[in-house]
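Below, subunit A partners subunit B and then partners subunit C, in two separate complexes.
On to the complex of A and B.
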């Protein structure tokens, strides 16, 4: 067993690794992250996660519900640290997994991955308390500077393969299964379907849906055997046909942009994000700041954010941004939502929140978002990859027909707490000496 | 010891026979460096004086017969004067207002939008409420300048600042501070009867502040208010601070008027500080003690192991030197973590009762680098590797704010390897004990020089903490 595997094992048990190992880990992580672009490309299938905030036991619950690394391909949208009691254990475990399985886990930066924010919101204090010095905090902050600012998920399937038994009394189907393709599904932590919705199946001459039904299903969530029947997806097959306009594109599902906060008035294309010099502390304003701080809101255009950083942006902004960039969805985190996830603006943006019973008191559930792999056309990657300009010109015709990916939300609650022993009291703050 | 033989200073009242100019309070703390000016202002001196005056009054008293008189919540030994009862009436009106504005049952993110309505109604009725429950001669105290405002303008500002933010749907220690200032303003305006030291002070704490805290808890629960600027588990408490001060005083050793305030020890039958981690002790003590009532509220709203969601209170519960020690620490901590923190005090408005003018007796804080949570604060260059200093981005629209705004001119010099706050309390055993300013017992003045605690101590920034959305610490 390598040192790294040992560290992973230790951190999974919620035990910290020695400072020297943290230093080495952070060094390796930086070497890895420096090679990543500001916007990382990630192929579906992928499981997208929101804020963690040091809720280590809930992160373990997330892995139980969503599958382990490397069986499941994960994308974490930042805010690993601050406020919770176990920011160190949580972040160091994710970082170990990143170094161990770099292609199976993607970490992007949240507004809390910052020196200034962590000194105000707890991570700094936690480092001092647990390591007795600020060294580990410094190592971690150096890693923060190298985290990517966003990710583009390519090749997601437009349709979900049904999961299996549903809780019939709570299932709300807008259209019966036979008439539509499964668009959204919500599962509880036991793997039971609590909600599903369908989009009308659009028929056209090239409809291949029948064929797709018999193509082998793909399991997007290996490692979740305890959650019931294997989940299937990636059997859409309807491919370009359901656009209903004879488009020649070989996949109709637009790309998904993942970013911690949201959009920026200074960023009208995904390519503009790629131009940012990201290897720095999060600035107080500007594009990089906005991507990590902004929030969608029921307004038109842009608004001032009550947070004092970033902006509020309305549905028109999202629609236009998605349209111009060939995106079908913006996935973001950054805001507590009681139901764990919240779609806004006709499904053009979704907030994913992965810290259940946030701060021990909010009573919210958490969610993760699974996007399946589009196996039509041999799994060819979608044409819409978020590259600026590609949706102009020849592709213009398609822009209105980009189909959103099928979304499977797994909702979960806070981990049971009765097994955690009481630690010895630590020396008190200087005020009390 | 103050010049009149008491071991505590009393907030001076305005002389009713002399003229005074009231000033409509306005914001003065615009950036974090203004906090230094606040800490040598007359307003700061007055707030600390009033806080310590109330604190000292809550210490149990040695009676002439050799027994000790404690001051639990609900005690018959504290009588409420007419002004105290009027303030209770005011609080109960605000409580009724909750019934009038029930929480919205529709979908919500977290904070309940109906609180905005509650706040709007409060603002509409504020003048009428003050007039109903405060004497007209107090509200209408005129300025010497006939064009100037009356006392009401100042009182109303602190009153309205006491109930959380209707815009952000949050509540924190800044709002609590505003209520303390509201009471201190009434004190200054001779709104409380003259009496022997301690009588009115205890009535203020038990008769007004305690029900205020209960009302706030009710607001927090009803409208799921978020903690203003939350530190999560790393704060003392998500919303409140002063109950920990007055509550620890309630359990500290008894004193005579001339005694120095004890810095350790406890009242003989005081509950063990370790009780805060035990649900049964908390439910027993919360009825009579402000400290335990605050902890009890944490038990009400938080699910999970106490040591995990409240590690700071848990650690403090291990203190062996008694409630006197805890009280002294709480006062120091309040000074450093509430009064010295830009995000907390930035909204505090200054007029004539709480004056931005420099206190001539205050000693200037050292001009040490302080890089927390204010607009001037800037990121730090990390060790080696890429320079993390802000550079103008390739993206024309993206500029580091300090690169172009001229704010860089105000950035103090700092080392190239470490955050200044890290250096200040960095590695090694804590050694700042002696560096902590001794503002814990005496307010700034000739006897007790004030130094900005944050300039030297840099202890953790705890209160409040919790679940609100993160606000930028530099947010105005």
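On to the complex of A and C.
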């Protein structure tokens, strides 16, 4: 077993690794992250996660619900540290996994991955308390500076595979697969479907395009191969292939942009994000700051943020940005949502929040978002890639047919803290007494 | 999809944690409270003073008296939302108190006013008030457990700054302290070592608090205090003042009778309550269960769980001249002037807007008053913006 695997094992048990090992880990992580662009490309299937905030036991619950690394491909949208009592264990575990399985986990930067914020919100104090000096905090902050600012998810399927046979049974009695594609599904932590919504199936009758994609015949048994590689949430199954014609529309699933906060008035294209010099402390203003601090809001255009950094942006801004960039969805974190996730602006943006009972006080549930892999084109997917120059040409007429990806939300509650020998401190949340 | 190799810790939690908040909901558990629970309630004062000091040190509040009244070993920096909440709570009560003290009472020749603070603990308000206005205009009474009054009196005796504020630094003949060191009397400030529950059962109200003048315009303050009592006790404590110590307004047929006898003057009396509300949403439920693990039971929380419940509580207590309530989020939004908001926002990054709103919606300030038959003292409160709805 390598040192790295041992470190992973130790951190999974919520036990810290020695300072010298942290130093080495951070060095390796930086070497790895420096190679990543500001906007990392990630292929579906992927599971997108929001804020973690040092809630280590809940991160374990997340892995239990969403699948373990490297079985599941993860994308974490920042805010690993601060507020919770286990920022170090949480961040170092994620970092170890990143170094160990670089292609199976993507970490992007949140506004709390900053020197200034971590001195106010707890991570700095935790480092001092647990390591006796600020060294580890310094190593971690240097890694923060190298984290990517965003990610583009490519090749997500527009249609979800129904989760299990039980769902198919109930669904078939009420709605025919021919009538709709499974668009959104919400599952609880036991894997039971609590909500599903469909979109009308796109017909290709008016499609004059020559490259009309007919779904190739697919292995029907794939849908039941639950014991196989567990990644293929979007694996072809009866739902899609039973209706080859119907699903072979000319629609494309647009790319998904993932950032911690949101959009910036200084950024009108994904390419502009790529031009930022990101290897620095999060500035107080400017494009980089906005990406990590902004929030969507029910306004038109741009507004001032009550947070004192970043901006508020309205549905018109999101629609335009998605349109110009061939995106179908912006996924972001940053805001506590009591239900774990919240879609806004006709599904053009979603907030994913992955810290249940935030700060051991808020009583919220958490969620992760799974995007399945689009296999409808036999692997050579004509996809919008979010790259300015290339995708722009066809955009004119084509844009109207960009379809949003099928979304599967897994909702979960806070983990019980004091079981299975994991060290746990009784959480003491402050109130006004 | 799920990873079967990772244990589901939530399957193990049943039976252990679920019932934690249970007993706190049971009404009628009053009287059965143990000494241990009293100690827990007494300890909540430490939360308040540590939060106050944190807000002072970061510049939210100006209060030179916070340091001498906080145990130095407890001093710690609170998170920004807690600091902002402490700021809003303190300045909002300051504003209500200030308006009560500053509006000249009509029909009252003495122009002296009286404040009675229930469960005052280490509160600094009396020092701030007495240091900044003519001492003859205000008499301030504080009631709390002896454990808390002893600590406070010890701090006063050892801190010249506190003595100066009270105007007692040179004239020691004006000051009496009980042998046990738990009771203090100065011309304008009185500390009584008193379990509030004893008010409920007391047979001779004026004997218990002889220095409280029932003819003066009076303001009662319960800053997160009555909520620790049982609903019945909490009610009895307020009634002790509004019905027993202070004569309630006589019924119209008796009015003439009462004045001709000249025995009773119905002085204006008001009440400020600061306490948590909304226990029944996810945040509220978590709050109840988190505090229960510390042994803290918010006993009246379910009875006065909404803005409307607080209003009708004030109505039922006979504060007929006005009853109003607002949660802390509303008060931050509507009472705090824009330039002040900007100043406070600049003190610290407040990243957690959603959490702030959640937290601030679960605390309220309620204020109600009844004017005297001949005296009006709460004019200043009528202009304050209250929050409609539930």
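Throughout what follows, the second predicted complex is superposed on the first by the 350 of 433 C-alpha atoms of A that agree within 3 Å, B and C clash if a C-alpha of one lies under 4 Å from a C-alpha of the other, contacts with A are read in each partner's own complex, and residues count from 1 in each chain.
By definition in this document, a residue touches a chain if its C-beta (ideal position, glycine included) is under 8 Å from a C-beta of that chain, and two chains touch if they have at least 3 such contacts.
This structure is a prediction, so every number in the text was calculated from the model and none was measured.
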Joint occupancy of subunit A by subunit B and subunit C, clash or fit: clash
Touched partner set for A:279, first subunit B, second subunit C, both or neither: first
Touched partner set for A:192, first subunit B, second subunit C, both or neither: neither
First, second, both or neither for A:72, with subunit B first and subunit C second: second
Comparing the two partners subunit B and subunit C, which touches a greater set of residues in subunit A: B
Partner chain in contact with A:84 - subunit B first, subunit C second, else both or neither: first
First (subunit B), second (subunit C), both or neither touched by A:24: neither
Touching partner for A:63 - first (subunit B), second (subunit C), both, neither: second
First, second, both or neither for A:121, with subunit B first and subunit C second: both
Contacts of A:343 with subunit B and subunit C, given as first, second, both or neither: neither
Which superposed partner A:287 touches (first subunit B, second subunit C, both, neither): first
Clash with subunit B, by subunit C stretch, listed 1-9, 19-27, 109-117 or 253-261: 109-117
Intersection of the subunit A residues that touch subunit B with those that touch subunit C: 83, 111-112, 116-117, 120-122, 295, 306-309, 335-338, 357-362, 364, 417, 420, 426-433
Interfacial residue positions of subunit A with respect to subunit C in the complex: 57, 60-61, 63-68, 71-72, 83, 111-112, 116-117, 120-122, 189, 191, 230, 233, 295, 306-309, 335-338, 357-364, 370, 410, 413, 415-417, 419-420, 426-433
Residue ranges of subunit C in contact with subunit A within the complex: 1-3, 5-10, 12-13, 17, 44, 47-48, 51, 78-80, 82, 85-86, 89, 224, 276, 281-287, 290-291, 293-294, 296, 345-346, 348-355, 358-359, 363
Residues of subunit B defined as touching subunit A within the complex: 108-110, 167-168, 224, 229-235, 238, 277, 301-305, 307-309, 311-312, 314-319, 325-326, 328-330, 332-333, 336, 343, 371-373, 375, 377-380, 382-383, 385-386, 388-391, 393-395, 397-401, 418-419, 421-422, 425-428, 430, 432-433, 436, 457, 459-462, 465-467, 469-476
For the subunit A and subunit B complex, residues of the former touching the latter: 30, 34, 53-54, 82-85, 111-112, 114-117, 119-122, 124-126, 128-129, 132-135, 137-138, 141-142, 145-146, 266-267, 272, 275-277, 279-288, 293, 295, 306-309, 334-338, 342, 357-362, 364, 414, 417, 420, 422-423, 425-433
